[in-house]
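Below you'll find the structure I mean.
Read from first to last, the chains carry the letters A, B, C, D and E; within each, the first residue is number 1.
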Amino acid sequence: MDVILFLVFATIAVLCAINVVVQSHPISSAVSLVGVMGSLAILYLLLGAEFIAAAQVIVYAGAVMVLFVFVIMLLNAGAESRRGRSFMVSLLGVPLLMAFLGLLAYYVQRLFRQDVTVHFGGFTGGTARDIGRALFTTYLLPFEATSILILIAILGAIVLARKELD
Amino acid sequence: MQLWLIPILPLAGFLINGLFGRRFSKTAIDAVAVGSVVLSFAWVLKTIFGLGDLNTAHTEHYFTWIQSGAFSVNCDFAIDRLTVIMLLVVTGIGSLIHIYSVGYMAHEGGYYRFFAYLNLFMFFMLVLVLAANYLVLFVGWEGVGLCSYLLIGFYFDKKFATNAGNKAFIVNRIGDFGFSLAIFMMVKQFGSLDFGTVFQQAAGAPENVLFWIGILLMVGACGKSAQLPLYVWLPDAMAGPTPVSALIHAATMVTAGVYMTARSWVIYTHAPAAMDIIAYIGIATAFFAATIGLAQNDIKKVFAYSTVSQLGYMFVGVGVGAFSAGIYHLMTHAFFKALLFLGSGSVIHALSGEQDMRNMGGLRKYIKWTFLTMMCAAVAISGVPPFAGFFSKDAILLAAYHHAPWIYWLGTITAGLTAFYVFRAMFMTFFGEYRGHEHPHESPPVMLIPLVILALLSVAGGFLFKVPEFLGTIFPAMEVPEDMTLMVISTAAGLLGILIAYVMYVAKPGMADSLASSVRWLYTVVYNKYFVDEIYDATIVKPVVNGSRAVLWKGVDAGLIDGAVNGIGARARNVGSVLRLLQSGNIRSYAGWILFGSVLVIVAMVAVTGGVR
Amino acid sequence: MNAVPISWFLILSAVLFSLGVAGFLFRRNIITVFMSIELMLNAVNLSFVTFSYQLKQVNGHLFTFFVMVVAAAEAAVGLAIILTVYKNRSTLNIDDVNSMKN
Amino acid sequence: MPVNLIFHPTDLIRILPEIILTVMGTLLMVLDPVLHRRSSNAFGHLSLAALLAALGGAIYACTQAGPAFGDMLIVDGFATFFRVLVIVVGILTILPSYRFLARQDAETSEYHALLLFSIAGQCLMSAANELIVIFIGLEISSIASYVLAGYLRDDKRANEAALKYFLLGSFATAFFLYGVALIYGSTGTITLTEVRAAITGQNAPSPVFVGLAAALMFVGLGFKVSAAPFQIWAPDVYQGAPTPVTAFLSAGPKAAAFAIFLRIFMTAFEPIGAGWEPLVWISALLSMTIGNFAALQQTNVKRMLAYSSIAHAGYVMVALTARSDGGTAAAMFYLAAYAFMNMGAFAVVSHLSGRGERYQSIDDFAGLAQKQPMTAAMLTIFMLSLIGVPLTGGFFGKFYIFRAALESHLVWLTVLGLLNSAVAAYYYLRILVMMYMHEPGEATAGVEPLSLGLRAALVLPALGTLFLGIFPTWILNFATRSSVLAK
Amino acid sequence: MNLLVVVLFLPLAGFLIALLVPRSSPQGSRVWALALSLATFVASLGLLYWFDRNSAGEQFTIDWPWIAAPEIHFTISANGVSLWLILLSTLLTPICVLISWRSIQNRVKEFYAFLILLEFGLIGVFLAQDLFLFYVFWEVSLVPMYFLIGIWGHERRIYAAVKFFLYTMAGSVLMLAAIIYLYVRAQTFNYPAILDMLSSGRLSFDRGEQLLLFLAFFLAFAIKVPLFPLHTWLPDAHVEAPSAGSVMLASVMLKMGTYGILHFCLPLFPSAARTCAPWIAVLAIIGIIYGALVAMVQPNMKKLVAYSSVSHLGFVVLGIFSFTQMGLDGAVYQMLNHGISTGALFAIVGLLYERRHSLEIADYGGVATTAPWLATTFLITTLASIGLPLLNNFVGEFLVLQGTALANYTWTVYASLGVILSACYMLWLYQRVFYGEASEEVRHHVFDLNLREWAAVVPLIVMMVWMGVYSQSFLPPVSRNTARILEQTQVNVPFRVELKRGAEVSRAR
């Protein structure tokens, strides 16, 4: 049943991802990206990452993507024009991608220990409690550091999007 | 015995006149120039009498000039009987010509310059003859070349004069090329350049080395003594003032080759093959130049070719082993040829610059003294006994006959030709009617006195100074039986030449022209000196110059090498512009490149790590 | 069988990653391009979580967490930049942003 | 991995520079309204003070050397070297910024705050020993510099630069992150020292797997240090960004990126060095060649310097290829020398560029030597140093690098690299030619006198360059001592 | 601390002070430069006075530690060869100051500052005994010359300057590589120490290694010399440089190359040097003849002299690679001679340019009538440079050719052709410039030497005569040093065998 679960949501994720790429209108891309994230959240649960799954839905699918959609609306970006082209990409793009994917996939599955399998509840260390503890002990430094990151994000937004440089 | 004083005196004269001459009065310049030379002549005499019989060389060492490792060249002077003769000739005739010049150059610009150069020449010439090793000799050798260059180009605003100067210097350089190579080979062979050492070891040296040394020395001698094929500079050298022609290009410098060859007699006696070649070249030159002399109209040109021809005789002399005879002729030739030149100088002076004999004639009425003195010289050169020329030329021809008869016969014919063209000149100048416009006037005594002295020498020099006996102690005595018939034949040839000349230019004027027109082509060829200059110019000078300009400079240097260098630069910039094309400015293609790179990196890494597993 | 081979997850993440790359390469709308980057990050997250499952460690989750934060920050800044670009050029076509080249 | 619930206060000392910078940065933002009324220079002064304090902090932290927060950070000589370096770069960025910002009348506290934060991030990178911290630090420094690149938001080129830098940057970061993930998966840890242990220990993961991860991380790092084949973004971004920021980008983030590059590859991946050496070899050669040859044709100074910075990245890669402590030391020294000469050069450029950065062409330097001999002389020093003429830091940098290379028997790389530097001479000379051998043009005719800040911004790097060129011993010894990384 | 320090650092100090001279008073700069360069010259004379002419070794050695790791010392010392080269530099610098007195009018301050800095670099090159230090000075001397050419040169000065810089750079980077490699092998830059290791066998290179190292060094030097076919930077640089630049370039800078070959290439890589000797000798001979032929057809005085330098330096290289005492002595002597006579040539050509503002031979003619003393000095210089006995070049050329003859007679035969050709082009030049009718411009502009110019030219003339007549005041120290070098080139090289093989190779050609 885990398998089915995986297959279903993996398929959804991939399909949505493909949709992100093929859709010419940013909104639909955004929506399908949300789809990807949602299905990934399910897979996270399957992998025993409750907190992350939640965060994925709230932070990512929620906040971040909303921001995207918001901007898209703000700039009322329509379907993209097909002007301009990059010979490099149109010539080499697809083969390169294939090669890249091939390499990654091949080596990842070849080199990785096959015996381990995933089944629901196989790992339960991903609760909010565990994460909280790790976050405030071992990972205190990066955690604090991220605060700077957020600060910069704010600053950046101010600098770039403020009405006028006074 | 203070040999160094002999050359130093003229050098001092040169320095004084050269540095301050411009501010001096004429008399002061004369005093310095003539005085220095006369003094050194006096010192020569004193030295000779001081040294008694010079059966063995008297050497003086001054300082080490060049030293490197074991090899060293010293600044040494040596004097022996051969040197004595040269010293006397150089300083003696030098003095006379200096005196003569005082008169001759009186009205020329650059008076002080002239005498400075002349003194410098004396210095180098004396160094040349006094040298005790080949390198010091080479110093004098090059030095006299320089002076001749300077004096030929004395009228430096005249193109032809400076051209002649360059020609003289460069042709001499070609000769010196041989000389220097000979020196290098000597050092390689003997490890020294001192005459003593070299000659002492020469006996033991392999013959082919000696042969090559001899040949190379001969090349040098050919350059300096204007032998085939390097004689071409001497006729042009007449562009210089006449005293210069007399001193440098007749009496002294040009004979340096003969002197040097005689000096190296030891080497030659061990390399007979080389000697033969010298003899051949000598006789060929003698004949060849004589034929050219037949058709010249410029009085100095005539004597110039005559000089070449006479030098050829001297070469024959040393070539056939009669070194003393060669030197003998050197001396007598110095007397009468200097006289001929000074005389013609006096003529030119009389006609204030006219040199073409066709515009002369009948001058014996106007300038009697010049005429008489020159006549002595003419007779002497024609080998009429008992004048000076007779003895020396006869000695040479005699020796030549015993070496190879055909040389003798050719020499005799040459003697005839010589007599002919000399008297041709004499007759055209002094006999018949005056064809010029200038008003001839006799030269001042300061010019005539040297003429007279030289006249006496050319008349009596032959039997006064018996050079062969004097040099007997140096050179190997070659006993040549006196052969009356040969003597008579050669003398007859001379007289015949004079006779023909008389017939053609005095008895039947116009006969010459008709003869010339009858063999027009021959006359043209001879008149144009066999086009030798033109041939050299076309085959050597032009190809070298144009080749250097077109091929080497424009082609190789600018085209090939610099082209390659700049080409590299251009290529580099092209590479640059190709690389710039990657920078399309398009973000997606940039991303493409990054993907491309990452694929490469992954492949490479995986491949290698897979390898190092 | 009631268990999924772990490599499936990894391959999935590889596929998603590549799709993200593809999006970056082939989409012309700047925002979409940016979204493709988010997609790539998500793919990476999946790997992290998967590994963390395999190693029975919680760390992987934390990395995912940090990546999310970073992604959020990037989103804020990135969108701001996109805004300025749009203000200056009033276009969102990525191919029009190529005034500097060579 | 060790779990220490409460950290020691010394840990705080060890991150002193980061703390100072962050606090001051925040302070700047808070004081903005207060200060802005007074004088627009106040921000500059304040951030200078902050940087100086941070400098002191970094040095003080060095006295307390050791790991912090478990093994998240390692404050050692290496870390200190790069912390000091980036902080100095920061100072050299602020100094010319006074006039520059004034000219564009764009003095804000944010500019300085972002700068400080970015530097804080780089300090974090220099000391980081753990991939997550590295990642966070990288992002802090990068995101801040994205914004800085687009700081002049009304300038089309500026925000184009920002966009390119941002998109491509995050693109590359994703690869880096993927690499991290694979490392984590294969070794079960992301603390560099432990990774190394895991790679060398028994039941080590297949080197191919590690290699794959290393390759992916190489992509990210190569991008940050603008080494071929990931150099392609640099010219556009350098050209578009405001000149002081360009200077900063070319020295600060680059140095920090090299710091983590060295740490990762000389610590964690050192055991599979034979695996990545050819990679770095090629990358080094490519960077040098592409950089130098492409620069030959440039007419825009900033763009030319961008290519030159690619080439110089190549030289540092040569040092990395040597895979020896000597190489690491050489790289450190070179980065220091490069920071000085490049900052100086850019300072001159920003001095000359004029309002709206009109004058960026090489021709605009014509006759500078006659208008401002002092400036010209300084720029001459920097150019000669970039060429690698003796008695300048650049020369010793190259010297040490190629010595290290030869000690590792990289003869051909050395020869090719040196020939490259001969090629490079050409385009640096063009600037000297312009300054000294042409008559003044429009740009130089109207050049304004050197302000105090610019004076300092020129003289300090010049002195630094000469100092490194004449008495390199001190710095080099420090580098050599600290080049031995925790294994 | 000894006189050497003074000689070396006086120019440096002078340079720094020259920077302080106010731009507003060019005269101040001139006077300062003159005073300083004269002071330096005097100091170097002191050097000559205290130099022990009987010892072959390095003298006045100074060894200050400079850089700790890698251990680089500030090691300088003088030997029988460098001593003269230093004197040459210090003698020519004041002369350059004098001849630039009026011809340089813009940016006077910088000009003299660079000139003095150049002197510093040149002296340093000849003194350095630490390979690293040597390279430093080698490059340092490059920069001021670059500016001298590029700023104060003629029309195509920029092209020439850049060409000059890049040519030298290309060569020297390879030398740098070789130097570093040497360091990696020997773990020291100290030149005497390295030689010591070589002779004691503690350090040795295998054949290919040695060959590559030799070539790396040699290329750098050969470009500076310049050896055919690497010479094309020289004519441009010479023609475009201001006359002071040309003088320093021709007289001293070119010697850096030959000195380097003599001082470093031979002792360090003896067998490689001997292996390459035939090839290099052939190049040198080609250079001799080629340079002379090309010089002959130059329409531009400076270009002509430049190509003649190519020819003359060919003799030097030939002498060095004859591996004979005479050859080496001659080579060194020829370096000095070329420095004096070609320096004088460029100086006087510069004086002509100052008057007539043209370098084209065609624009002259008849100068001898308007400026007899100028003509005389030039004549003497000409004669010197065509190797007339009793003037300096003769001694050098004789020794070189003699030495070569001992090694390989055929080489001498070809090389001697150069002597003929030199007469051709120099006399032709002299004739066209000084003889003939004086044209209007010449008569109006070309006046005779003034006192300052006398002061510049006379010392050179004196040196020409002195060196030509009494070479013993110069040669002995040289011989001792070259003897030592010759000694060193036989380190683990079977001399005869090598020589014979060299001879065979050349015969085979």
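Here, contacts are C-beta pairs under 8 Å (C-beta built on N, C-alpha and C of every residue); 3 or more make two chains touch, one makes a residue touch a chain.
Being a predicted model, the structure only gives us computed values, none of them experimental.
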Next on the checklist: Farthest chain from chain C, going by mean C-alpha coordinates, please.
Outcome noted: B
Checklist outcome for this item: Reported most central chain by Cα centroids is E
Checklist entry - Using C-alpha centroids, which chain lies at the maximum separation from chain D? => result B
Item to check | Chain-chain pair with the highest tally of contacting C-beta pairs | outcome: A-C
Checklist outcome for this item: Rounded to the nearest Å, the gap between Cα centres of chain A and chain E is 71
Next on the checklist: For chain A versus chain D, what separation do you get between their C-alpha means, in angstrom?
Outcome noted: 30
Checklist entry - Taking each chain's centre as its mean C-alpha position, how far apart are chain C and chain D in Å? => result 26
Item to check | chain D and chain E: spacing of chain centres that average the CA atoms, whole Å | outcome: 43
Checklist entry - Which residues of chain B are in contact with two or more other chains? => result 580, 583-588, 591-593, 595-596, 598, 602, 606
Next on the checklist: By the touch rule stated above, which residues of chain A touch at least two different other chains?
Outcome noted: 84, 86, 89, 93, 97, 100, 103-104, 107-108, 112, 139, 142, 146, 149, 152-153, 156, 159-160
Item to check | Residues of chain C whose C-beta touches two or more other chains | outcome: 10, 17, 20-21, 24-26, 28, 33-34, 50, 52, 54, 57, 59-60, 62, 66, 70, 73-74, 77, 80-82, 84, 94-95, 97-101
Checklist entry - Name the touching chain pairs, please: which are they? => result A-B, A-C, A-D, B-C, B-D, B-E, C-D, D-E
Next on the checklist: Per the contact definition, I'd like the list of chain D residues that touch chain E in the complex.
Outcome noted: 370, 384, 387, 389-391, 395, 399, 402-403, 406-407, 411, 414-415, 418-419, 421-422, 425-426, 429, 432-433, 436-437, 471-473, 476-477, 480
Checklist entry - Can you list the residues on chain C that touch chain B in the complex? => result 21, 24-26, 28, 33, 94-95, 97-102
Item to check | chain A-facing residues of chain B, complex | outcome: 584, 586, 588-589, 591-593, 595-596, 598-599, 602-603, 606
Checklist entry - Touching chain D in the complex: which residues of chain A? => result 103-104, 107-108, 111-112, 137-142, 145-146, 148-149, 151-153, 155-156, 158-160, 165-166
Checklist entry - If you look only at chain C, which of its residues touch chain A in the complex? => result 1-12, 14-23, 25-29, 31-32, 34-36, 38-39, 42, 45-46, 49-50, 52-54, 56-62, 64-66, 68-77, 79-84, 86, 92-96, 98
